[in-house]
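Okay, so chain A shows up in both of these, paired with chain B first and chain C after.
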Partner chain A sequence: MNTLNAGDSIITYNQSESSLTFEGSMRLANMKEYDVVSQFLKTSSESSTDTLILDLQPLQFLNSSGITTLSLFILNCKKKGNPKITVLGNESISWQQKSIANFKKLWNEVEIKI
Partner chain B sequence: MQEDKPKMDVLQEASQMLSEPSRNTKRRILTAFNFVFIAAIVLHLTIQLIEFGRLPDPARDLVLYPIILIINSISVFYNARVLLGRIKPVQWMNRFTAWSSIGISLILALLIVHANINTATSILVDFGFSVIMIFIVGTVIGRNAAIGWFIISSISLFIAYQNIGKNFEYHLLTNQEVQEFKESLSEGDPDAVKRLEELNEHKLAPLPIGLFASVWFIFMITLFLAVYFESNMISRVLSVIPAVINKISIASREKNKLQNENMRMGLELDVARKIQMTLLPKVEDYNQFNYLEISARMDPATEVGGDFYEVLPQEDESVILAIGDVTDHGLQSGLVMLMVQSTIRTILDTGSRDVTLTKAMNRINTIMYRNIRNRMQDFRNLTMCLARLNKNSITVCGQHENILKYNSSKNEVEIIPTDDLGIYVGLIEDIEPHVGELEFEFSENDILLLYTDGLTEAENIEGEFFGEERVVELLHKHNSKKSHEIVEYIYNNIYQFTGDKNILDDISLMIVKRKSI
Partner chain C sequence: MAQYGNNPETPNSEWSREKEDLLGEVHDLKILYETVAEHSSTIENELEQKNQEISSLIQQLKKYLSPQLYNLIVGKTGNASLNYNRKFLTIFFSDIVGFTEISDRTDPEVLSELLNGYLNEMAQIAIKYGGTIDKFIGDALMIFFGDPEYTSDQKHAQDCCQMGLEMQSKIEKIDQQWIRRGIPQGLKVRMGIHSGYCTVGNFGSENRMDYTIIGGNVNIASRLESLAGPKSIFISSVTKNLLSQDFISHFNQTFQVKGIHYPIEVFELLGYKKVKHPGTNPYLLINRHGFVFEKIIFDNASSNPEKLKQIEKALKSLLSHIEKYNSV
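Let's look at the complex of A and B:
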């Protein structure tokens, strides 16, 4: 299990389950500050096979720079063709209600489970 | 498991380099002092047992020596383990071992002068321990303790001097005289025996010079070890000074760099704010047609975000509205906003009846993608809503925040989601499959409210969001007011809600009221 603290949030990568869990509220100031998150996602995705689960259910808030970071990660996986992405969301959280469906628009093979 | 270790800045490093040599000096001196003390007492008792077959007089030593041995052993056991890194230092143990070791030594220093088997040697030799203790007390406890001990030992010396009497003199014998006296004593010469009895009575029994030499040798070792660790510390401090100076100059350069960077960022923010505010439509642009009453306001955050809105009256008396939010903050976001504004205006200015909003949105996206990704080498993007206002209907396009509409016939506020009308603009080259339009009625006295997320996500001191529900309530409550009054009411409410908390994101709001004509 690898973890990354990003402001008021924690990302945990569980290699055995091939899942990335996002918890807390992520509102880093700008895209540059999200570089460390991008790097963590990239490294985790490289060691995961087949399907990677992005569990966003415990993520209460994500600002637009954070959404861009996740979107770019998904576009990158789309470009490489792997890993496949499954997104677990929580429709009672407003940012997820609004933004989570966009991940499927970016890559049709993304599976969204709400 | 990855851990974020706090990074030490250069000034902290410099401070640590300077304090490191002195960090354990006191502890080393104390531990060496404890060792010497234990060794000296064990040696003393052993010699006594071998030489005289019994433990020493006076009785004071039989009480004091076990206490000294116990205290010094505890101190050595604790401080040596700290020095070896086996245990972490504990504040109260540091104090206890230092004060108890030094305290018992000071009591001994006084007793060996004033409760001595030989009055003359107590001033001649034993007082030397009080002198050494001035230095030890000063280094282990501190300057004030050393001053205190200096005063006490001065008084002690004066009392010892008074006790022995100012007329007392040291009369020394030659080796031959000593030999003759010893021979007379062994032959039982009554004069010699009587002389020895008198000497013992006055606590002036003759002592071998070896005893004086060994006592001074112990004093020397004690002082030498203390000086060794103390001077070692000074030389180590001196040796790190060039490196420390280097660190301080690095820190100074970093500070200047930071100041310059702050100044540059401040200028950038000024420019960004100017771009943002200059490009917003002027009030006279809003209300060219008598069927609409348009009001808008944008309050930039401390660090400028990328909000914008646009009002473009058309030749056919329709009006194009745009509202959007560029990701991130600062000058780059300001530049993206500037490009979006120009592109919208190029595509949708005045006579754009033939351009559908979907087509406009796709064009804007492609242009923005190429400029941001290819020219700026950046990943900024935006959410944006385009709207065309006609006399009885509104068409909207693009994914942005929910649109609120006050429906006057039903006297209720409708929430119109835009999630299915688009995707982020400028993130991918072709968004055509995801863009759609939605048309809804806009009748007399209806009100349209467009906002950016800075409004609903404005936080109060407890971290609670202002939220859409409050906006809905305010719109409903003030529906009979003029559009600019509704804008003011909403902003006043937001600032009452946020209180002293800084505005983290731009807050934009557009209100369009369909007047009855």
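Let's look at the complex of A and C:
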């Protein structure tokens, strides 16, 4: 398992389950600071063959730069056509109720489970 | 002439593909923009909701702090730390006479209702005069003037004394209520006021701190309170010297405090001449010790009918008071 500490949050990539789990509160200051997250997502997706699970359930907070980073990642996967994305959300966290559904607008093949 | 229209490799079809790709990207960017905007709105709305919750909590916090301290914490620094400094303050103590006996004989529910009612009235008067309510110690009250807001030593002493006088006046009314509620001795309060340098600040631990004052002068104010009789206010000569001539006081005793080399002169505060509420005569002040009659300078040419009326009224009240005294 690979992990990345991004401020007050941790991203864990589990290759055997092909999942990326986001925990804590992602509040890096700007897009430049999110470069390291983008790179981690890219590397993880390259070793995922079929479907990649983005588990956002333990993610309490995600700022605007963070949602932009995730959205650009999904658009990039869409462009390449793989891996397919499944997003796991938590309906008790208010930002997830609205924002996660928008990932499907970005790429129709994204599966949302909330 | 070359025919490009139907050939998939022609520039036209390449342009069409590029155009399609670009339109696709624009579409994605539009959705991305909407996603980010909606996400931001959600966070902003949540922030606003949290702000409202904080405001509501701060409003509740207001009940437990003096307005000055509340403003200091909420408005300016946003932080209270364990620091302290020396300041010249006027310190006030009050205590209910015979409270232990009252509490032994009174139903706890009735007692807590009456005590809270009394303390609430006192706190409102303290706030009106700008006092910092340091603490309620059971039935006792500790208030000081001069921090966190400083005006002048004289103003603090005068505000504190006026506060004490207004409290005693209010207590006379509450006294009757207490008697009606089954407390035969009613409500009688002793008060002590002293001015001097104290150490003021936050004392305690990082997790639990009290904004309070410490020092020898605090002890003197407390001692003055315990020396005072029921319904009286004892002030030190230091406080007395800060008061204007409108305050009436008379010498009561001297007392020696442990650790202080000189004896402290004690005065009983009797009243304030220029009471602003209507109906009070500026020439005559009657209190439980007797009366104070002001020197009257009457000039036929300059004195107006209103002044004449007030002098006449003061003289009548004075004669009636003397008659009543003689008949006892």
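Operating definition for what follows: the second predicted complex is superposed on the first by the 114 of 114 C-alpha atoms of A that agree within 3 Å, B and C clash if a C-alpha of one lies under 4 Å from a C-alpha of the other, contacts with A are read in each partner's own complex, and residues count from 1 in each chain.
We adopt the following convention: a residue touches a chain if its C-beta (ideal position, glycine included) is under 8 Å from a C-beta of that chain, and two chains touch if they have at least 3 such contacts.
Quick caveat: nothing in here was measured; it's all calculated off a predicted structure.
Chemist: Chain A superposed: clash or fit between chain B and chain C?
Modeler: Aligned through their shared chain, the two binders clash on chain A.
Chemist: Touching A:Ile10, do we find chain B (first), chain C (second), both, or neither?
Modeler: Touch status of A:Ile10: no partner.
Chemist: Who does A:Leu62 touch here: chain B (first), chain C (second), both, or neither?
Modeler: second
Chemist: Could you say whether A:Ala29 touches chain B, chain C, both of them, or neither, answering first, second, both or neither?
Modeler: first
Chemist: When the two structures are overlaid on chain A, which partner does A:Ile112 contact: first (chain B), second (chain C), both, or neither?
Modeler: neither
Chemist: Contacts for A:Leu72 in the overlay, against chain B (first) and chain C (second): which applies, first, second, both or neither?
Modeler: both
Chemist: Tell me which stretch of chain C runs into chain B once the two are superposed: 20-28, 56-64 or 182-190.
Modeler: It is 20-28.
Chemist: I'd like to check the shared interface: which positions of chain A are touched by both chain B and chain C across the two complexes?
Modeler: In chain A, residues 64, 67-68, 71-72, 75, 98, 102, 105-106 are touched by chain B and also by chain C.
Chemist: Give the list of chain A residues in touch with chain B in this complex.
Modeler: Residues 1-5, 27, 29-31, 64-65, 67-68, 71-72, 75, 98, 101-102, 105-106 of chain A touch chain B in their complex.
Chemist: Going by the contact rule at the top, pick out the chain B residues touching chain A in the complex.
Modeler: Residues of chain B touching chain A: 1-2, 4, 303, 325, 327-330, 378-381, 383, 399, 401, 419, 423-424, 427-428, 433-434, 453, 504.
Chemist: Please name which positions on chain A make contact with chain C in the complex.
Modeler: Residues 61-64, 67-68, 71-72, 75, 78, 94-95, 97-99, 102-103, 105-106.
Chemist: For chain C, which residues are in contact with chain A within the complex?
Modeler: 28, 31-32, 34-36, 38-40, 42-43, 46
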